[in-house]
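All chains are identified by letter, namely A, B, C, D, E and F, in their written order; residue positions are counted from 1 within each chain.
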């Protein structure tokens, strides 16, 4: 009888709090979005599952001795997991389209206005009672506008670990929502004629240029923005392994097994931060709202910059490709292609949008470095 | 000359103890069983090799600074390695046959009687002078009857780390011996007519049912048996990754590279626990005996439960499939198939036995959770 | 304005030291050698990149919290990374040619004279003002003559961590230079007739002999040289997994994904030791010089031993194969093949040179064990 | 000893009952699941048909494939 | 609040300017790179031709391949 | 210095002798191994034949395969 009581006390039924139940529902919702709606499933599935595990009363997943605790301490506290993901993404990235049309770098720059405007917005939101974001919090939230998961997780883990869960969820959710968020803004800011503009075919890039590019990026970063070198450095390492042509087995491993292993762990660790006390707050609503604002402003500033460049340039530029500057590789580029096709069914913008798209990855890593330098 | 003496002192010839020599022989025996007899080679080869390394005098493999020490501390003390293996096994498991015939869950339940009866037996063995098992020890030993390696290692590392080596060796050895242990018991408890019974073809299972099943298992576990959630949770994560269909690259990595890497390390770490002082004891003999008892009782109770179900059911049930409830996936199911074929050469029971087989995995993880709750 | 100043202060431009700039140049040079000259790119690319990252002022890669710091502490301080590489190399090694012609073991022994003579040379170099190598330093430097990367890194991390960077760079560089260093020495010590000698075809080796060989190696090592068992043991584990035939999935993972992941990390960690204060010293010049001496002496003593064996043997022995005893697998064996072909264009020595080649790996691991026992 | 034995007996009974209760609950949940999935799949008939078709295949082939997979698994895995 | 806002404004401006300055520097570096690679590749004409040939291929094929890769990437990766 | 040199000399000699002694022991062990394996394989003649057949193959093919493997290795590995 005593044993039965022991067993009963050890069930979760008595110990459950409403907060935990609600967070499990959030976890289940993320699983639904990942599996049925295909929202960034590689991350949102483990994040959702991690959220469920982390909120099981008496199971101790996130306490010392629990597996999620260890994963978090080893991989996120140290910053190692997002950096390894970034190395893998670097090994997957082809800078060819950017090298073929270097000016699209400026589109990747312009779209980062989404980040900095949101930083201002987050501080402004402090005027609303109930919000009290520090500059660190505001910076970590703003990076959602970078539309780049590992960058957001890396920066949040450094500046505002309490908000990490909400920020990562917002970042990946909005990246999945890019096909819904971006098109209206793109159509609003452009005329049908602009959207129908065809661009010239891209030149071919030689192997040496592709090898030297990541080194050039690293060189400039280490000179002018050392705080951005962890992210940019690991990204460039991955890209150099890809392009060097002499370490193919390392490049393949970085792009496949290593990034897969780290992705599982990273997702679980992020999910483990989705506790009721940290997630079921007004601040999370603010973060979700600010994230949407960040994506929208980033898209708009990318498009507007592209319109400006189109005016100044002799070669035709389709302003839609500016929207790809937010990164969200390669979703944003595909959205550009789709909206372009609507206006002119022979207008294939995919490769032209890949330039600003990968520029946006660099841009937000640079922005993260700037934020680390200014408020870190 | 001094240098020569230094070198001589540093040879193992002087330092060897009989215990170490005996343990090396045990390690060599495990290698022999793994390589020549194909006894669970994936685990027993690294375990045997680890046992040899751990018993080299003056080499310090298991002392701070030694590689086996690090592997053990990182992977077994924390419980991380068996959980990752379990995730991989989940990603390899097809619950289709169980979903097609849910009643076979009860066979997976009945076979766990092997565990609990052995727990009682281990305590009863204390009547024999020289044995003094605590309830924790007895529980860790009993889980051998679960016929599931990672579950046994996980529970032993939590309840009785000193016995971990012997328990893991017994668990994997008996799993390899399933084709020898089970058939006589199966034949003893069934008539030839019963063994010849053909079962109806299984229905097809849809994708959604397969996706929702691991979530349902997790849900019930977290409600009623939170202490089982580490094992069950990681297993369900693996299975969800498999069935979701949207994270195939994660699922493949969990089933291959990740589980392979962890298996090498897990085996070495288990082997490092095979020291003379912990293994060359009367208790090890007791563990080996109790393990055989546990397998036998589990097999018998599975078969008897299947006979009971066959009586109560309208659809034909071949009682042999109850033996597969001990898990030992997929060896036990194949044994069922083989014994069934002997009685009726058109009787293919493999898929019908896979249901209780995977149910047995869940059953022993649940039993481990119960033991953790009651004596942990 | 203040913010701009903060940002400016956070650039590296002000903080750069000449030493750091020089080390970045060293890193870039290693990248050049790896990519354009294909000098051991799998290691020198990550080493070079790690050297650049480690020398970025204000980025903190090698300080607690930096990713290179963590990788170094986890993988090199503990010795785990070189041992895992060695396990993978073991899984890649075919001892068939050595088993077919066991006497070539003695060539692998003779070539280790490069190590021990260099140890003496390093101490003798202390006569030159500015050098002050301890016996530990001298041993770590001498192991460069083993022409085996992981062995050199393992020993240096135990005996002389400050010199680790320079030693690893020298070891891998000279391994890449084997086709330039060895041929003149080989030609100097042999006549054209000797080089033209054809050897008898090798006998076939059965599976059981290949399985028992790594166990025999392990057994002798643990008896007589326990300090060599970490290296030899992990090597033999890898080789046993390869030859056992029952754990192919573990063997494949050890040869591919696991060794690739560890190689990336090992390279970065070694690169992180390339700091100006430790690398831009007179000692590094000494190490580079001694490394070249070590390779040359090793090559010469291998060839001379082979000449001696040729005199004593009834079966024809081509003395060139002695040069492969330095290991540098499989580069040295290919060099032997090439030089042999020059003397006689029907003389294919590749397989005959693989015997001393893999013997050299064992030989230098044994030598490392001896050094650990004598001066560790 | 006596007390330990009675404790062990209690654990045995408690444990065995709990395993059965738990897996019976899961059994009920599986029946609920099947009904839920069935009712859900009704309205989306068209899609369901395709899905079923894909999932069903020729059962002979399917069993062959599963058997092959089990054999592969047996060769490769613990 | 007021002070925080002005700080945020400063960061916004500083940050945005820095991003542009930095990426403009990179843009210049890319032009330099292209010229450097071009001038380097001049003397080694023979090799360059081969390389170009290998790299160039039929651009139609290349775009098709890249598009396929992007689709694969999109299916598989975050 | 003098003392360090003589220590280094001792280590050189001790080390070199040990390497030779150790690898000579291994050489003897290999001969023992070959005889042991040979004697063991005698009684199981049938199996041995098959094994030998599988292992032997046409030695030309075998060398070609090994050479190819070495080349692959050389391309891919340190």
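Methods note: a residue touches a chain if its C-beta (ideal position, glycine included) is under 8 Å from a C-beta of that chain, and two chains touch if they have at least 3 such contacts.
The chain lineup, named per UniProt: A, B, C = Oxaloacetate decarboxylase beta chain; D, E, F = Probable oxaloacetate decarboxylase gamma chain.
Just so it is clear, the model here is predicted, and its values are computed rather than measured.
Student: If you drop subunit F from consideration, which chains still connect to each other through contacts?
Tutor: Without subunit F, the chains stay as one piece.
Student: Can you check whether subunit A and subunit B touch via the same residue numbers (shared by over half) or via different ones?
Tutor: Mostly different residues form this interface, as fewer than half of the numbers used are common to both chains.
Student: Determine which of the two chain pairs, C-F or B-C, is joined by the larger number of C-beta pairs in contact.
Tutor: Top pair by contacting C-beta pairs is C-F.
Student: What is the chain whose Cα centroid lies farthest from the Cα centroid of subunit B?
Tutor: E
Student: Which integer distance in Å separates the CA centroid of subunit C from that of subunit D?
Tutor: Roughly 52 Å separates the two chain centres.
Student: State, to the nearest whole Å, the distance from the C-alpha centre of subunit B to the C-alpha centre of subunit D.
Tutor: Centres of subunit B and subunit D (C-alpha means) sit 19 Å apart.
Student: For subunit C, what residues touch not just one other chain but two or more?
Tutor: Answer for subunit C, listing residues that touch two or more other chains: 3, 7, 42, 224-225, 249, 257, 263, 370, 374.
Student: Specify, in ascending order, the residues of subunit E that touch 2 or more different other chains.
Tutor: 7, 11, 14, 18, 76-77
Student: Okay, in this complex, where on subunit B does subunit C touch?
Tutor: Its residues touching subunit C are 3, 6-7, 10-13, 15, 24, 28, 31, 34-35, 38, 41-42, 45-46, 49, 52-53, 56-59, 61, 65-67, 70, 256-257, 260-261, 263-264, 268.
Student: Using the touch rule from the top, collect the residues of subunit C that touch subunit F in their complex.
Tutor: 40, 42-43, 92, 94, 99, 102-103, 105-106, 108-110, 112-113, 115-117, 119-120, 122-124, 126-127, 135, 138-139, 149, 172, 175, 201, 204-209, 212-213, 216-217, 219-220, 224-225, 263, 330-331, 333-334, 348, 350-351, 354, 359, 362-363, 366-367, 370-371, 374-375
Student: Where on subunit E is subunit A touching in the complex?
Tutor: It comes out as residues 1, 4-5, 7-9, 11-16, 18-20, 22-27, 29-31, 33-34, 36-37, 40-41, 48, 51-52, 55-56, 59, 62-63, 66-67, 69-70, 73-74, 76-78.
Student: In the complex, go through subunit F and note every residue touching subunit B.
Tutor: Counting only subunit F, the residues touching subunit B are 7, 10-11, 14, 18.
Student: Touching residues of subunit C toward subunit B in the complex: what are they?
Tutor: The touching residues are 78-80, 83, 211, 215, 218, 222-227, 229-230, 233-234, 237, 240-241, 244-247, 249-250, 252-254, 257-258, 370, 373-374.
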